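Next come the structures, one after another.
Paired with subunit B in one complex and with subunit C in the other, subunit A is shared by the two complexes that follow.
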Partner chain A sequence: MVPQDLDKQIKEIIARVIELDAGEITPDADFINDLGVDSLKAIEITGAIEKAFRVVVPEEKIRDIRTLNQAVSLTKQLLEAKG
Partner chain B sequence: MIMDKKIVITGVGVLAPNAIGKDNFWQALKEGKSGIKPITIFNPGLFKSQKAGEISDFKAEEFLGPKGLQNVDRATKLVCSAAKLALEDSELQITERNTDSIGVVTGTTLSLWNVAELSREMVEDGPQFVTAGIFPGTTINSASSQISIRHKIKGFNTTISTGYTASLDALKYAVNFIKLGRAKAVLVAGVEGLTFAGFTGFYKIGFLAGIKGEEISCPFDKRRNGIILSEAAVVLVVEDAEYAKARGARVYAELTAVENSFDAFRAAKYEPQAAGLKRTMVKALKSSGLHQEDIDCVFSAANSVVQQDILETKAIREVFNIYADKTPVTAIKSMVGESFSASGILQLAAALGCFEKNFIPPTINYQEKDSSCDLDYVPNQSREQELNNIMINNFGPGGNNATVVVKNHGGE
Partner chain C sequence: MKIIWDKEKVKSILPQREPFLFVDEVIELEEGKRIVARKYLDPELDFFKGHFPGNPVMPGVLTIEAMAQAGILVYVTARPKIVEQNPTYYFGSVNAKFRSPAHPGETLILEAEIFKVANFGGVVDTKARVGDRMVAEARSIFAIKVDPDSNRDFAK
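For the complex of A and B:
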């Protein structure tokens, strides 16, 4: 099941992990180049999403999650695949 | 090559169970104020021991700002806060010019929170859902590294994990580095944070007060039956005296001896004659160039453990000989508990205040005399006295011994 407010939930998770106001996280802001996130924190974002939605992001996809939009889109795919 | 350099202390940052900040800490010691209280940061459940030396009103964000504290354990938060206080106190500015010649060495042994948290998440959530950010903090050098990262200190960074004597062993390491010409100034730290894991460990090996008697820290008193576990963080800025002078630093004291030894005896047992402790005390007197009668006070490692307090009494009696009865011996652990790796440097931070404010702190909770402990323990009330040289002892059943002699510098 994909929650209706998936965007909002993921935005809040990212805001918590990188300690920014949710308002500062625009859909296409690049975590590393625009939001000053380091590589460990980027991994933590993926980990926090995995934990919250009980999904596993394939290793080769971890580096593809660089923006809120990308995170939402991948999580949605994983949740739909889970059924 | 080890050079004959004077080594001085120019900055103090302290967070102790009975006070935060050097002035509050020194005042608390003078008043004989205890920092031992019922634990609030975790629930000790049905254990017979319910108290600890907790730094209850510590708020890391007040020292370190609101960000960057997620998944950071209590010990790291405490020691980074102490480093901030020490740097401010010493007025040592870290710049691109001097940063390579400034080091950090930290005495800490029980880095248990992150390990416990990682294990908890593995069991409760499964390995796939463990929080990655917890892992870096599971390493023992994490606290020390955070000091350097937060203050942009680019000289050496080392962690010493020798248990009871860790912070004084760290001090010796710093002194040697300065004497080798490999650093001008070193932040020497000692820290332990209270965790339920650490408390449980000390409880289960039967080391805590309250298991077999009254739950009280009363060194040298007949009622003593174990330690009150505590937390503390201390950072001292230790410098080459010439470097300190050149930058116009205010000097608290000179370190005239830092000695250590190891009792190669049995795991977790006291060497029955305190042979190592006596040896470090003798070596310290010799290196400082002092005679027993020149020592105005001994800050003992006495921690309310039956055997430990007797052994230190015997060692002092033997080393000080005819001067033993004339030498006051105090035990600040009566007020601050046993902070393990931090305990030695906490005693040193206390000694600096006693130079400043001309007093010897009391051994509080002293009521029932034990015939095996028969020195002048400065019972219950602090004593006004000018002090020139203080000896600080540190030892435990782990086998390590350390003795420091520190000389008053009169704020020159």
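For the complex of A and C:
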């Protein structure tokens, strides 16, 4: 089941991992260019999302998660696939 | 306690060597998930002479290194083929908390649990303790670069 506040939950997860105020994470802010996230931090973000929602993010998708919107969209797909 | 991986096996995975090898053996292993390793803090280890004279304690940075080495070992259980590709491991960042000092003559127990791994790096949660006494906890993030064409052989 996809939580109604999925966007908010993922924003808070990302904010915690990258140690920024959630307000700074706009839906299309690029993690790398705008928020100072590197590819290693992206692994941690992915791991945090996996643990929060009990999903598995395919390895090839890790580098594709570059914005909050992309993270939400992918998580939503994974949750829907899980049923 | 049963030894799952002896020092030779550890050396076939870790590129570090004495005096910078901080894992003696692995004593528990859940592949792809968690390992427990140990390191005997020999009073003759060189750094104890200077850290500190008359009051030797394990340097915190070396405790982090020991936890990171345990982290590489658990990573390899999740990505065993990486060892064949002559990997080099680079520390990305570490978030550590130190709880108590470790002293010469004690045995450091190193627990490492995978948080998330990818082919290009990993995030592991690690703990160092002496018996039940917590020494340090850290989340380590590291990158891996492979060089399949290299002739380097860690086992030597």
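Structure notes:
Here, the second predicted complex is superposed on the first by the 83 of 83 C-alpha atoms of A that agree within 3 Å, B and C clash if a C-alpha of one lies under 4 Å from a C-alpha of the other, contacts with A are read in each partner's own complex, and residues count from 1 in each chain.
Simple rule for what comes next: contacts are C-beta pairs under 8 Å (C-beta built on N, C-alpha and C of every residue); 3 or more make two chains touch, one makes a residue touch a chain.
Note that the structure is predicted; figures quoted are calculated from it, not measured.
When the shared chain is aligned, no partner comes close enough to touch A:A81: not subunit B, not subunit C. In the superposition on chain A, contact of A:V56 is made with subunit B only, not with subunit C.
In the superposed model, A:I43 lies in contact with both subunit B and subunit C. Residues 40-41, 43-44, 47, 50-51 of subunit A contact both subunit B in one complex and subunit C in the other. Of all the residues in subunit A, the ones that touch subunit B in their complex are 17, 19, 40-41, 43-44, 47-48, 50-51, 54, 56.
Residues of subunit C touching subunit A in their complex: 92-93, 115-123, 139, 141-143.
Listed in rising order, the residues of subunit B touching subunit A in the complex are 66-68, 70, 125, 128-133, 136.
If you check the complex, the residues on subunit A that touch subunit C are 38-41, 43-44, 46-47, 50-51, 59, 62.
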